[in-house]
Structure formats: structure tokens, C-alpha cells
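The structures come next, written out as C-alpha cells.
The same chain A turns up in both complexes below, where it pairs with chain B and then with chain C.
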Partner chain A sequence: MKIAVLSGKGGAGKTFVSVNLSAVAQNAVYVDCDVEEPNGRLYWKPAMEKETPVSVLIPEFDVQRCSGCRKCVDFCRFHALAFVREKPMVFSEVCHSCGGCVMVCPENAVLEKARPVGMVEEGARGGVRVVTGVLNPGEVSAVPVIKAALRTGGESDLTVIDCPPGSGCPVMESVIGADCCLLVAEPTAFGFHNFKMVHRLALLLGKPCGVVINKADAPYAPLEEYCEKQGLPILLRIPYSERLAALGAAGEIASEQDPDLAESFRGLLAAVRKGAVS
Partner chain B sequence: MKKLLILSGKGGTGKTTTAAAFIRFADAHAYADCDVDAPNLHLVTAAGGPAECFDYLGSQKAVVDPGKCLGCGSCMEVCRFGAVRKVEGICKIDEFSCEGCGVCEAVCPTGAVSLQDDVAGEVTLYRFPSVFATAELKMGRGNSGKLVSEVKLALTNAARSEHLAIIDGSPGIGCPVIASMSGVDLVLIVAEPSLSGINDLKRILKTAEIFQTKAAVCVNKYDASLESTEQIERFCADHPVPFVGRIPYDRQASLAINAGKSLADVDCPASHALREVFARTMKLLETSAE
Partner chain C sequence: MMIAIPVEEGAENLCVSFGRTPYFLIYDTEKAAAVTVKNSAADAQGGAGIQAAQLVVDQGANALITVRCGQNAADVCKAAGVKIYKARGNCAAENLKALEMGTLEELTRFHPGFHGKE
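Entry: the complex of A and B
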């Protein structure tokens, strides 16, 4: 079973929920798809086993063969190619690796080479396999790294996908193969607004959802009403606690230190496994 | 016009709260929300006058004319994004996977594939009482960086006479963040004093360095971990990046925001500390080269 954990707003507790959920499962694969800011590994501190570079293909020109017809430049919809001073030029940051330039070149002058954009790290802690996608700073597109991390995660009894914030294409890519979604909601005006956005995304993709309310000081009425109206089951409420915040800030896995919290997460996992999502 | 961008790397550290307060402190009449994936600034800034909305066209998307498609699958073979599936003998494009490269259109022997405009979001511009540009990306759409650029363009075009613009950014270090950095005079990074916060701060500073953007750092909820706060200050001193202050955790702050208020309107320790951060940031901004 693959569970995607998402929230829309950053800092709502995606990583906290993903890490603790995998920790109580004991036998699980944790995949960090928040490749721009991968933080799960700071908690797991996994024994590192493998690092695999992630690359994308970008065009490389055989200048001897290039006749200067500019068919590739005209074809490229991403403006990744230009013909400057009678020479083809590649703007690799905006290249989508579609292969169009290779295809349209009548002289077979366009080859492709790999350009590294990130890394997938694999490690383990106890029974949990930890897979982390890491995007290189300065790189624009997280998607190839997310795809590689998910591929590395593979199939298992339980895979927990720690998603990026927002609701754009990196989130989409992280969620698309999941069986269900856990939406982590922060009971604040900001948290609620972004929560509705990711819920719409999950609905669009036809994923059943359950809700975890994190840092639940006092009930935030609009969130409660929305869940009720939408038939969204609230599966867990985690109260704000300075102790939990301090454990988190120090990079500790809270459920390993707090038996009550571990019990709550076991309950959450059992509920999701029983199909309490809708 | 001087442009100040608020970023954080890690999400949820207080970018929007800081941006909203700065807008009031500075009495700024030009601001934008570039967190197009999860916009929130409109919840705490008064957007008065009439809204001008316009569609944002992202990449075009391939569409198959089922009447012309022979189901030969040539398009499926060449698509690098796995966006083509065959349904009942006819090729179908998945709009979420399609990146609009046009390779399928080029290989189709019957001309059944065409590329069509796709509304990938909406930009909203208010001109009164202040110029406020914001946007929302359609679910699961890519190219958020391009939308960020459009928001900034809408802001600059509508507020040419303003001397200061405050821009709320998005978390992370990828496409929308990089797009938001271009052309700004200073990035203020709101850091969180935790292991994750420090890690993310380093990654966003690295990104700012790559794009040669001037940065300053403040720490929000500093009392959550004094040790981490001191670590951040030391890192800034060594780097060197200007450190512009600490803001304490303040329950009144979250209550005020839930009530739709700006922190600038609340008399509390967080608000006072933020005012000092604001003053130091403005000084840095003034001395930054045009």
C-alpha cells in the first residue's frame, strides 16, 4: 500500500506525520519526494547504502554535421535552443528533454548527453528503508528527481510518500501512484486555505483521503465544518506540544520517545489499512 | 522600484506573516504573492477595489482528434513523458503528463494531433487602494515559474511610480523560487530554528548565491530552540550574510492571523521584534545597488 502525505501549506507537519507513521509500521519504505527541501533523512539518520545520481538528457551538437538549417530551433517550444553566430546553443535549464531536436534534425547532428540534476539516497534504519530524492540547488525542475525516488522506492507492503508543499506539478507527480492520501491540516486560516487546494487535487486524481489535524490547539471551526461537509474522515488530532516541537527541532523521531504518540500513529495506520479513508 | 522578496526554503516558517506585517510597517502600496501553488497573502491584506482577472496560459497541451486517429501509436512511442495511452484503439493524451513539446504532433501520420492553449491558472490584479498582484495555479499544472514571472510583471506594470514592492515567495528552491528571485534587490529569508530549518536555510542561501541575489536572514520563533538560533547566527556571520533579528514565538500572533489581521496591528512581543527586523531590512535594501 502506498500512502501519500500532503498538506499544501509548508510546515504543517508532512514530514512529522510521514516519519512517525513509517516508524510505527516498523516494516516500511519511506520515500522523501520533497526533493527541494528533503528533511526526513535528518530524523532517520539512516545508515547510508547507496547514492545514485539523477540526470536528464540535454542536446549536444556535432558541429561538423550541423548545416545551420535551424529546424531544431524552430521546433523547440521551450526556447531552449538558439542559433548564435552560426552556431547552435543550448540553454539547458529550460530544456524539457523531449528529444524533439534530435528527431527533427535532418543531418543527425543532435546527440544527447546526461546532465546531473540531483541524487537519490538509499539507506535504512531498523526495518524502515529510507529513500530520499535531493535536487541540486539552482536546478529548476524537481520532477525527474521525484520520479527517480519513487522508482527506487518500488513496491512494498507499506510505502509512505512524503510530498512537497503546494499543489503544482511536483505534488501531482508524488501523489499520482499512491493508493490514498493523508492530508495534514494546520488549523489556521493559512493552513485551511491550502488544505482545500490539496483536497481538490486529491479529488481530481480520485484518491481516497483521510485527515490528520496537527498542532491542534483549539478546533478551527471552518476546517471542521469543511471535513464534515465533504465527508472527509478526521483520523488523528495531534495537539500542539512544546515537547513534540522540541523533539522535532532536535531531529528526534517523536514516537520513539513518546509511547502515547506511537499508539496514536499505530491507530492511524490501522485505520488507513482498514480503509477508513474516503 | 526596490523589490524585497520574502523566502524561507522550509515551508511554514512565517513568510506570509512577515510579508503582511512589512506591507503595513512600510505603508507599501505595491505587493505581490508569488506562492502561486498555495497563495495566502490575500487572506491578510486588504484587497479593496475591483479585481482584474486574466487567464494564465501555461504550456500548450496536445489533443487528439479521434476522427483522424488511426491508433498507430507512433505518438506513444516518441512521447518521453508517458502522456499517451491507447483507449479503444484511439490514442489519448493525459493532460497532466503532457508537457506540450509537440513531438507527437510532428510524428502523427494523419495530422490527428494538435497543440492547443491550456489555461493553467489565473492572475488577479488589484489597483486600489494598493497595487496587489496574486495568482492561483490550476491543480497539478506545471510551469509555476512562468506564472510567478507574470505576477511580477503585472505588479511592476501597474505600480511604476511606487518606490517599494514587497513580494511573498514560495517554499523550496525550485522553479517558482528561482523565478521569483530574478530582478529583486534583496531576499529576506525567514528561518526556523530547527534541524530541518537550518538545513533548508543553507539550501536556499546556496540558491540565492548561484543566482547572485543579495540575501539577509531573520529567525522566527527563535525561543523554540536557542541553540539552533545561535547556530544560524554563527552560520550567517561565517558566510557572511547579514542577520537582521530574532522574533519570539507569540500565541497572540497566530490568533491575530486567524482573525485575518496583520501582525502590525497587534501590540505584542512578536510584532515589536518584527518591527526591528523590518527597520534593519529596509536599511539593507536602501543600500543595495539599483
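Entry: the complex of A and C
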């Protein structure tokens, strides 16, 4: 089973939920898809086993062969190519590596070369395999690294996908192969706003959802009403606690130190496995 | 000389955006004639600056007067030999006059673009 953990707003507790959920499962794969700032590994401190570079293919032009027909430039819907002084010019950070320019070139003048954009780290702690996607600083698209991390994660009894914040392409890529979504909500106006955005995304992708309300000191009425109206099950409420915050800040996996929290996460996992999501 | 300026509808006022300007004013100094060209990049999903710069190059411009411009568009202009000048004020006609009188400065600072930002 693959569970994607997402929130819209950053800092709502995606990593906290993903790490603790995999920790109580014991036999699990944790995949950090928040590749711009992967921080799950700060908690797992996994014994590192492997680092695999991730590259994308970008076009390179053989100027001798290029006839200047401009077909590649006109084909590129991402506008990663310009046509200047009768020759194509590549903007590699805009390129989506679709390979279309190679296909449409009648002169076979377009070659592809690999451009490194990040890497995937693999390691383990106890029964949890830890897979971390790491995007190189300055890179625009997280998607190739997310794809590689999920591929590395593979199939297992339980895979927990720690998604990036927001509701854009990197989140879609992280969620698309999941069986269900856990939406981590913060009971604030800001948290609720972004929560609705990711819920819409999950609906669009046809993923059943469950809700975890984090830092839940008091019910936030609009969030509660929304969940009720949408038939969204609230599977866990984690009250704000200074102790949990301190454990997090110290890089500890809180459920390993707090038996009550571990019990809560075991309950959450059992509920999801039983199909309590909708 | 052919001069390109990103302009709003009506072609009197400059548009602050280069890549997503609705129109370009293309002014031919020899013929003292101007045409307005619709910017096909205005609603592009991405790479608008590159596509808009392509349009400027394809129109045969030698100079571009703009409020601002991204690095990728600047690279296209540079490769094509289009000089980029910093616009002063909001009026297209005044900027054309200023360029002819040689009082416009070249634009040397380009922003990194807004790619992937939502």
C-alpha cells in the first residue's frame, strides 16, 4: 500500500506524520519527495547504502548537420528553444526533456546529452528503508528527481510518500501513484486555505483521503465543517505539545520516545489499512 | 533601425512585463512607420520571455526598449545582436524619441525569470 502525505501549506507536519507513520509500521519504505528540502533523513539518520545520480536529457545541436529549418523550435511547446542567426539555441532549464526536437529533426542534427539535476539516496534504519530525493540547488524542476525516488522506493507492503508542499506539478507527481492520501491540516485560516487546495487536487486524481489535524489545540470550525460536508474522515488529531516540538527540534522520531503518540500512529495506520479513507 | 517596445493595448503606453506584454510596437526609424504586433507569448505556460524575444528577433528589431527583461530573453536578444535599452517613463513615443537622441541607457540588469513559480 502506498500512502501519500500532503498538506498544501509547509510546516503543517507532513514529515512528522510520514516519519512517525513509517516508524510505527516498522516494516516500511519511507520516500522523501520533498526534494527541494528533504528533511526526513534528519530524523532517520539512516545508514547510507547508495547514492544514484539523476539526470535529464537535453538537446545538443550538430551545427554541421542543422539546415536551419526551424522545425524543432516551432515544435517545442515549452519554448526552450530559440532560433537566432539561423540556428537553434537551447535553454536547458526550461527544457522538459520530452525528446520532441530529436524526433522532428529531418537532418538528425539533434543529439541528447545527460544533464545531472540531483540524486537519490538509499539507506535504512531498523526495518524502514529510507529513500531520499535530493534536487541540486538552483534546479527549476523537481519532477525528474521525484520520479527517480519513487521508482527506487518500488513496491512494498507499506510505502509512505512524504510529499512536497503546495499543489503543483511536484505534488501531483508524488501523489499520482499512491493508493490514498493523508491530508495533514493545521487548524488555522492559512492552513485551511491550502488544505482545500490539496483536497481538490486529490479529488481530481481520484485518491481517497483521510485527514490528520496537527497542532490541534481547539477545533477550527471552518475546517471541521468542510470535512463533514465533504465526507472527509478525520483520522487523527494531534494536540500541540511543547514536548513533541522539542523532540522534533532535537531530530528525534517522537513516536519512539512517546508511547501515547506511537499508539495514536498505530491507530492511524490500522484505520488507513482498513480503508477508513474516502 | 527597427525598435521594439512592449506596449499595452492602444500602443501608447509601455507594458511593464516583457514576456507577457499583450503587444509589441515595432518602429522603423527609416520609414518613420510603426506597426503593432500581438505577442503570441502573452499567455504561454512557460518560456514566455524566450518566445517574446523570438518574436522581437523575427520582426527584425535591432533595439528593444523595455522596463525590465528576464535573463533568458536577454540571452536571445544578445545572441541575435538586439541591444536592450532601459525604458524611461510610460510613454512609447517619448521613449522612441529618447533613443533617437541617444539619451536612453542600456539595460544591464536582468531578473532570473519566474519559471516554475505559481
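The rule is simple: the second predicted complex is superposed on the first by the 272 of 278 C-alpha atoms of A that agree within 3 Å, B and C clash if a C-alpha of one lies under 4 Å from a C-alpha of the other, contacts with A are read in each partner's own complex, and residues count from 1 in each chain.
In this section, contacts are C-beta pairs under 8 Å (C-beta built on N, C-alpha and C of every residue); 3 or more make two chains touch, one makes a residue touch a chain.
From a predicted model like this one, the values you see are computed outputs, not experimental measurements.
Chemist: By residue count, which of the two partners contacts chain A more extensively, chain B or chain C?
Modeler: Greater contact footprint in residues on chain A: B.
Chemist: Quick check on the superposed pair: does A:135 touch chain B, chain C, both, or neither? Answer first, second, both or neither.
Modeler: first
Chemist: Now for A:79: first (chain B), second (chain C), both, or neither, which partner does it touch?
Modeler: A:79: touches chain C, not chain B.
Chemist: Should A:251 be classified as contacting the first partner (chain B), the second (chain C), both, or neither?
Modeler: It touches chain B, and chain C stays clear.
Chemist: Name the contact category of A:208: first (chain B only), second (chain C only), both, or neither.
Modeler: After superposition on chain A, A:208 lies in contact with neither partner.
Chemist: Answer with first, second, both or neither: which of chain B and chain C does A:91 touch in the superposed model?
Modeler: A:91 contacts chain C only, not chain B.
Chemist: With both complexes overlaid on chain A, does A:11 touch chain B (first), chain C (second), both or neither?
Modeler: first
Chemist: Of the partners chain B and chain C, which touch A:168 in the superposed model: first, second, both, neither?
Modeler: both
Chemist: Once the shared chain is lined up, is A:177 touching chain B (first), chain C (second), both, or neither of them?
Modeler: neither
Chemist: For chain A, give the residues common to its interface with chain B and its interface with chain C.
Modeler: On chain A, the residues that contact chain B in one structure and chain C in the other are 77-78, 140-141, 166, 168.
Chemist: Okay, in this complex, where on chain C does chain A touch?
Modeler: 41, 44-48, 50-51, 53-54, 57-58, 72, 75-76, 79-80, 115-116, 118
Chemist: Which residues of chain A touch chain B in their complex?
Modeler: So the residues of chain A in touch with chain B come to 8-12, 15, 34, 36-37, 39, 42, 75, 77-78, 96-100, 103-104, 135, 137-143, 164-172, 176, 186, 188-190, 193-194, 197, 200-201, 204-205, 217, 220, 245-246, 248-251.
Chemist: Would you pull the chain A residues touching chain C in the complex into a rising list?
Modeler: By the definition above, chain A touches chain C via 73, 77-85, 89, 91, 93-94, 140-141, 166, 168.
Chemist: Which bits of chain B are touching chain A when the two form their complex?
Modeler: 8-13, 16, 35-40, 43-44, 59-60, 78, 80-81, 96, 99-103, 106-107, 115, 137, 139-145, 170-178, 192-197, 199-200, 203, 206-207, 210-211, 224-225, 228, 254, 257-258, 260
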